[in-house]
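To keep things clear, I will list the structure first and then write my remarks on it.
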Amino acid sequence: MPQNNNLTLRGRNIMNQLEPGLADKLTNSLKELDEDLPSIITDFVFGAVVGRKGLDIKIREMLTVASLVSLGNAHDQLELHMKGALNVGVTPQDLLEVVIQMSVYAGFPAFLNGLTAYRAALAATGHALPAASGLK
Amino acid sequence: MPQNNNLTLRGRNIMNQLEPGLADKLTNSLKELDEDLPSIITDFVFGAVVGRKGLDIKIREMLTVASLVSLGNAHDQLELHMKGALNVGVTPQDLLEVVIQMSVYAGFPAFLNGLTAYRAALAATGHALPAASGLK
Amino acid sequence: MPQNNNLTLRGRNIMNQLEPGLADKLTNSLKELDEDLPSIITDFVFGAVVGRKGLDIKIREMLTVASLVSLGNAHDQLELHMKGALNVGVTPQDLLEVVIQMSVYAGFPAFLNGLTAYRAALAATGHALPAASGLK
Amino acid sequence: MPQNNNLTLRGRNIMNQLEPGLADKLTNSLKELDEDLPSIITDFVFGAVVGRKGLDIKIREMLTVASLVSLGNAHDQLELHMKGALNVGVTPQDLLEVVIQMSVYAGFPAFLNGLTAYRAALAATGHALPAASGLK
Amino acid sequence: MPQNNNLTLRGRNIMNQLEPGLADKLTNSLKELDEDLPSIITDFVFGAVVGRKGLDIKIREMLTVASLVSLGNAHDQLELHMKGALNVGVTPQDLLEVVIQMSVYAGFPAFLNGLTAYRAALAATGHALPAASGLK
Amino acid sequence: MPQNNNLTLRGRNIMNQLEPGLADKLTNSLKELDEDLPSIITDFVFGAVVGRKGLDIKIREMLTVASLVSLGNAHDQLELHMKGALNVGVTPQDLLEVVIQMSVYAGFPAFLNGLTAYRAALAATGHALPAASGLK
């Protein structure tokens, strides 16, 4: 897929907001498999879909975390997007709320796995656990 | 489960925001099966989880839609929560963005099913399709 | 797969316990597709797996209902096995308990779909709804 | 997403092989929702992914059927791709084999749902059921 | 969620039957995240749902294992509930039957993963593998 | 299940094509759990289903990889079948195409997990990464 400079730039910019250096890291990893894969990720996934203007990036990352907790088939990506959510400014408290809400929709095992990923993402990004609050 | 008046009220209030009369409709349907089921739904699902203060109800409904599109196992509830999202003030444009973003995470079949539910929810709530926009 | 008389008989016997005439109905439907499919279902699924001696048929049908509510991808088979469970002597109360427990593990949408299938199975087998009980 | 003429043409060509008129039908349906959605489907899904040269279209449609039977969340798309597989030259016998193999990996309920979609796809494309063969 | 003493006690009692000390272990782990999470698990999951009177705890744990093998998204919880099943008196033979039956409904990969968890649960609870039996 | 010599031989033959020694390795592992399990795998899974004549083994392994990437619940079996696909003659290029196509149907997280398994399978079978090609 020939790169579309506009979408490529937008996609790379978002990837690097989620994790500094992510665009190059993922591009280098994918291009040794196939020359088209990097632009599918940068142009399509992050440029044309995640990079749309309709919702801000914080809400988009929360939606992605909701989806990945529900699917339950992608541990590494869940942790990546939890860290990404924190890196674009989602607060630890809000991220925890997303996970808690999934207890209802995706079941308690998916929810407990989400809590584990949440702790790991906080640790990896140097966040302390927020003080536990009461009935919200 | 003995009803906890506080949680029951909060849960019923949220249910009726999602769909006027939903609390009574679901309660009546469930209580003929088992006396405890209504309070599990009103007190736990909507009172203690969805009713938490951490996120506002519009974001919570968007998260629920993201989760249900991803799980793909609950057509009726997906449509209910899409209508609920519209009823609590999520705009059609934002709801469409949620569905579009799921194309990446849950696959295109789940995404296309999400679009079908989105059209049905707009029709059921008397919303016109918003004007199609360009690259967002 | 050449039929193994012993497993075929055992499998057919179980199928007919679940629904009178099911063995012939499913065999006739499958053999017009492929001659081997009937014995895969009668000999393997119902003879060699479901027909094993280790657990009685009532518990096996309850397990199948738990699995199908969790997978959420097979509405017709869920209703078949709910009717089958009732036909081999699982009480409506116990069947309802199975569904309620799945609320925790498979999420509330799967649970609500399970309740819908439960009502349909009761109606199809001529059972009245059992009286709703209190905190069990 | 601005259309890439090359990918658009290739994607539309594949869509119309799967079902005559599919490219226009899906494009018209999607563009009333958002101007970018048609090119995501034509350029990305069918042009840049399904249209890659590495595997021929018959194998690609068989893979898609295997995936959709396994996911179990997209009845309409499963039937569309089963008809598409037949339309690009997959034989009914081979399509049936794909479904039968999924009994092992996705479970028997998914497999039985696959058989139902297979019968519907044969009927919709004017194929007779192939003669049932013996042990293959 | 204010604790309901009755449900809390019942829930904690069940948790400790599944694994001695589980109630405190899980409560301590959860309460550093949010003060309400422990009671959601003790009061709702184990008190109000798993603790219902309708089915005995051995059957409930077998159902949970069937569900978790089917969902396939919760390795740690599957092993916990397999150990829990053994701890409340499900025999290793019966537990193995549950896993074998899931081969039909959830597919062979889920089944093989279930066997791996079964071996780990036997080892962790000091059970020897039961003698392999013949056609059951 | 008494062994059916014909199916047993056919099943074992296929297993050993996928991985030299796999038939004995899996048989020995399963028979210490239950005497019937080895024949369920050799006779049913590999003899009666995967060993059917309708499709050749290379296409069958590609279908299995498509299914396992989609289900996302069986990491070890995905890697086994990717190695098996390579061992029966699927080229690395074709195997990569299978994984890339799943990006559309099973979502990008499942696709990225598939790429990881693909790299591991190449390394385990002594294949170099094929040269990355351009727009296919």
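To keep things simple, chains are lettered A, B, C, D, E and F as they appear, and every chain counts its residues starting from 1.
Basically, a residue touches a chain if its C-beta (ideal position, glycine included) is under 8 Å from a C-beta of that chain, and two chains touch if they have at least 3 such contacts.
These numbers come from a predicted model, not from an experiment.
Common partners of chain A and chain E, by the touch rule above, are B, C, D, F.
Remark: rotation between chain A and chain D after Cα superposition is 180° (nearest 5).
More C-beta pairs in contact connect the chains of C-E than those of the other pair, out of C-E and A-C. Two copies of one chain, chain D and chain E, form a contact in which over half of the residue numbers belong to both partners. Residue-number overlap of contact pairs with B-D passes half for only one option from A-E, A-D or C-F: A-E.
Note on chain placement: the centre of chain A and the centre of chain B lie 23 Å apart, centres being C-alpha means. Between the CA-based centres of chain C and chain D the separation comes to 31 Å, rounded to the whole angstrom.
Within chain B, residues 1-2, 36, 40, 45, 49, 52, 68, 71, 73, 96, 100, 103-110, 135-136 each touch two or more of the remaining chains.
Across the complex, chain D meets chain A through its residues 1-2, 4, 7, 36, 40, 44, 48-49, 52. If you check the complex, the residues on chain F that touch chain D are 45, 48-50, 52-55, 59-60, 62-64, 66-71, 93-94, 96-98, 100-106, 135-136.
In the complex of the two chains, the chain C residues touching chain B come out as 71-73, 96, 100, 103, 107-110, 112-113, 115, 118-119, 129, 132-136. Of all residues in chain B, those touching chain C in their complex are 1-2, 30-37, 40-41, 45, 68, 71, 73-74, 76-77. Residues of chain F touching chain B in their complex: 104-110.
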